[in-house]
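Heads up: the structure comes next, in structure tokens.
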Amino acid sequence: MHAPMLKVVGLRAQVLGGGPLSHCGAVRDNRLMDTAVFLIQCPDEKGLVARISTFFYERGFNIVHCQQHTDATTGQYYMRLMIDLADLRTSRERTETEFGAFAAPLGLDWTVHYSAPLQRMAILVTKAPHCLYDLLVRQQEGELPCEIPLIAGNHADLEPVAASFRVPFHCLPVTAATKEAQEARLDALLRENHVELVVMARYMQILSEPFIEKWRGRVINIHHGFLPAFQGARPYQQAYERGVKMIGATAHYATAELDEGPIIEQDVVRVTHESTPEALTRIGRDIERTVLARAVKAHLEHRIIVAGRRTIVFS
Amino acid sequence: MHAPMLKVVGLRAQVLGGGPLSHCGAVRDNRLMDTAVFLIQCPDEKGLVARISTFFYERGFNIVHCQQHTDATTGQYYMRLMIDLADLRTSRERTETEFGAFAAPLGLDWTVHYSAPLQRMAILVTKAPHCLYDLLVRQQEGELPCEIPLIAGNHADLEPVAASFRVPFHCLPVTAATKEAQEARLDALLRENHVELVVMARYMQILSEPFIEKWRGRVINIHHGFLPAFQGARPYQQAYERGVKMIGATAHYATAELDEGPIIEQDVVRVTHESTPEALTRIGRDIERTVLARAVKAHLEHRIIVAGRRTIVFS
Amino acid sequence: MHAPMLKVVGLRAQVLGGGPLSHCGAVRDNRLMDTAVFLIQCPDEKGLVARISTFFYERGFNIVHCQQHTDATTGQYYMRLMIDLADLRTSRERTETEFGAFAAPLGLDWTVHYSAPLQRMAILVTKAPHCLYDLLVRQQEGELPCEIPLIAGNHADLEPVAASFRVPFHCLPVTAATKEAQEARLDALLRENHVELVVMARYMQILSEPFIEKWRGRVINIHHGFLPAFQGARPYQQAYERGVKMIGATAHYATAELDEGPIIEQDVVRVTHESTPEALTRIGRDIERTVLARAVKAHLEHRIIVAGRRTIVFS
Amino acid sequence: MHAPMLKVVGLRAQVLGGGPLSHCGAVRDNRLMDTAVFLIQCPDEKGLVARISTFFYERGFNIVHCQQHTDATTGQYYMRLMIDLADLRTSRERTETEFGAFAAPLGLDWTVHYSAPLQRMAILVTKAPHCLYDLLVRQQEGELPCEIPLIAGNHADLEPVAASFRVPFHCLPVTAATKEAQEARLDALLRENHVELVVMARYMQILSEPFIEKWRGRVINIHHGFLPAFQGARPYQQAYERGVKMIGATAHYATAELDEGPIIEQDVVRVTHESTPEALTRIGRDIERTVLARAVKAHLEHRIIVAGRRTIVFS
């Protein structure tokens, strides 16, 4: 189930009570379409496709995409359903209320996400520019359906990059002593800017557990190692010493346990005995940015449902 | 739409008239389940998911998988739907008749394929053993849901391989002069053995147009080049001369136009300036057999619908 | 620079006469080292490694890298040899003269390239920014050992990108009528700026044969298709229509025959039936920029020798 | 054979004393050539290429391949040099003696390996046939330059596979109580058959430390996980639970520390949330056999030098 549901237990009741958890989202599978994505999970039972799709059919909606997954181990059912809002004959609120009433007796956990307005994404950085440039260029080219109201760095090095894309940059230096205050400022900034997704684009700080909990399911990190191998610091040095023949990168939702969050995307690249730790660092940059971009895109398109330590990522 | 439907125009009427074209198939996504797969295509319109899934829900079936694709260019809708036959309360024939009556007014083209009995697959070979071994081992390990009643070769070299797997081997030598007679013998053999899928596992002969037409949609070939590059003879030599940095293999349905049939699966492997044509041949064997196996598996699991020159391959 | 030696017969005599063709280059395999790379080719014969390495050993040079390739088909021998200039006891010129005298009786074609000063690279663009950004960021991070004195575009769209990296941008609009004049201006610009490598970073113009001939071996183009498949215009549309399961990109030296130049680097990415031509275009951008960057890096590090239609790319 | 030289200090003296440690090997880079491969390592210093290549040039040998690597961290130099024995004017022994005398003052650790007679390789198996078939077919096709005098299994299941390739099969059941005796029998069998390389082709037993020590550097294992992730038992189950998006396989030299030996080759394959542990097992088989075959081929072609926990694998 999409992120907010994992965050606050109290919301679960609210969901079951009929209301959607969030309807903040944006999706642009089809650039001209005004759409809504429903992410649904519940215990598997007969007739779910028929009943859910009939709900929308009876209201005149065209189902643009309908994807499902049943986890054979847990018996849990997951669905992603995109409808065309051009067919919306009432209001979003009315449809949500009706779907809530329909969903409650079936025990569906659900959220709904609209293609407009666009989601708002913040980027956290330190000094390495490659992931930042990558996200900015992709957003500029329309590949990432979001707005970027702010970039924050614990160093000022990347301020000129932000400036060249006309994105406000906030320098938030941090030391062990100031960490709590710095995170409070960051949290305030994110809220003022109505940020819905935070991307750690090689942000070389560990976010505190309280911060992570507040933003659970809405912070994506890129780890420069093929998790679960090479957790923690200096993964390329670790990889060199172990003599691996491929290095990897892993994008995951940040959780309080470092490098243990649900994995969204991974990729690897072949290296040889000639690759020094410095070469691994350089080679790795290419997969770091690609893997991070794919994960961010999947999140922004509402194709991810977190299921415990695993993710369902619809294609 | 599944293969037979594309083959004979006359059969279309029969399908629309209510009967499925074939129900010969086998699928083993779940090894313990008795299942049926419906492959459906029609012009896209609202409510298809709802109406089709409701048909099965009303009859008490559990839908194990439901995958769809809409071709935005042509407006054609494609669906693959797997149901659990444990829930079958009447007969297969009755269900088919009812589905036919349901499908006709909606204009659905459809076929149904059952997980039992297993499909029957023939393998055509010449002298190269790598693809043959690969298919035989995979079938033996239960990865390919089929029986292999026969292997035929235009040379006798691989008879011992067939013998070691206890599969009857038929040596059908061929020259330009005897081609028609040889293909007639092959056709007879395939029919006597109730073969439903013919796999050209590096069979170094071009099947004639009449033969191909008779078996259209049921012959899979592996081409040792990354189509559409390097069509025709000696693709590795061509690749060497052009100095490409990757070589590929392509599995496709055989059609009368050589190497022009709908592509099912492709893959490539990196090569360097050190790779001689002989090295390319050796390196290429690994992707030939992998690509062919993936294509055969997709066909046997009824995950492929041919749409003109393209294929929809559900994952 | 290896290319000219392959191009003009007259220059061969000059090389054999003792002088290297060019010594403009730069290499940064080791960032702290002052090095020279010798690229050598000649008919294969016994003792080449021994004699060439002894030449440098006797003069007190350490050989940092020594890579070779013998083309079994043509009997041609290729060598890339990097020496540490920290050991240079005389002058570059003196060493070149001595090597020329040594090389002439052996019939060696050779060039030498120094790590300092840095090579000068120009980038040609039209409207698509992804390859441009990629090259600029990599150069900024020290991954590409070169200076970028200018960017030229036939449209002005990417001027702000150039500005944000503080690189002069020249807008050179072109029509069929003005092509000759525009290319003359471009040629003048390149010469004024002492440019040694021209990179077509999705420059959507075909350079004329005279221009190409003047810059032969020094113009790298990125083609958004897996050559030799999908030559010419709209390769992604072609790929869609053919229904391929992977799309590719190819970096090659530009020659007068469109898309026929020696291939430097290629890569592919998997696509599915769901990928529309627009999706292919978006997906393809990731491999276009990666493939182009790898090719440019190999050229700048003097790891490429062109051999007819093929390239030797040392790793 | 490089391994023993790294293992036993006492042997070092023998090597330095002039004699090669072993000259058992085989190489078939060129199928028609009679060749020898020298694997050399020593502290890096100036002039090594020149002096070593001159040694062979003066004796009239053609150097077919010459590859080098310098480890920047340790300052250790590694060389693989293949010479054409068609030019041998004296005897192998004489050449070895002369090279020994040449190598001793330079402090070279070296071994020499001849292309004839072929090396002898044993395969250890349990019940899974995919790696066994793969190795047998590749050997039969001439891709692996070796003879296979025996296959041993702790279960009898794969005896028919061995029989179909006419390779003697030895069933050596093992329990905790009989392990020492079983390994003694295995060791005797290997020695009687003059085995030089032992391949664990999904042999589901941990070889004891004494056995491993005796065969150090001559036992290759395939681990069905992307080491160092997922060491130990049931790596596919571990991978499933962690929710990784790619699974891998790792071929390494067996050492006393389980799954910690020097890695020779690795590869990965993409999986999704739909892949159950059973699916991962099936998908993983394809990379297990490919990775194992590449590692075995590299070993048989004397392209590997072990350097501590890392391997140099020349291409």
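Should a chain be cited, it is by its letter among A, B, C and D, assigned in written order, with residues numbered from 1 in that chain.
Keep this in mind: a contact is a pair of C-beta atoms (placed from the backbone, for glycine too) under 8 Å apart; a residue touches a chain by one contact, two chains touch by 3 or more.
Values in this document were obtained by computation on a predicted structure and should not be read as measured data.
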* Show which chains lie in contact with subunit C and also with subunit D. => A, B
* Taking each chain's centre as the mean of its C-alpha atoms, give the chain farthest from subunit A. => D
* Structure fact -> So, in whole Å, the Cα centroid of subunit B is separated from that of subunit C by 44
* In whole angstrom, how far does the Cα centroid of subunit B sit from the Cα centroid of subunit D? -> 39
* Structure fact -> Two or more other chains are touched by the subunit B residues 272, 274, 315
* Asked: What topology does the chain contact graph adopt: line, ring, star, complete, or other?
  -> complete
* To do: Would you tell me which residues of subunit B are touching subunit A in their complex?
  => 46-47, 49-51, 53-54, 56-58, 60-68, 70, 87, 315
* Can you list the residues on subunit A that touch subunit C in the complex? -> 129-130, 133, 137, 140-141, 143, 160, 163-164, 272, 274, 282, 285-286, 290, 315
* Asked: Can you list the residues on subunit A that touch subunit D in the complex?
  -> 69, 72-73, 226-230, 241-246, 248, 262-268, 272-274, 276, 307, 309-313, 315
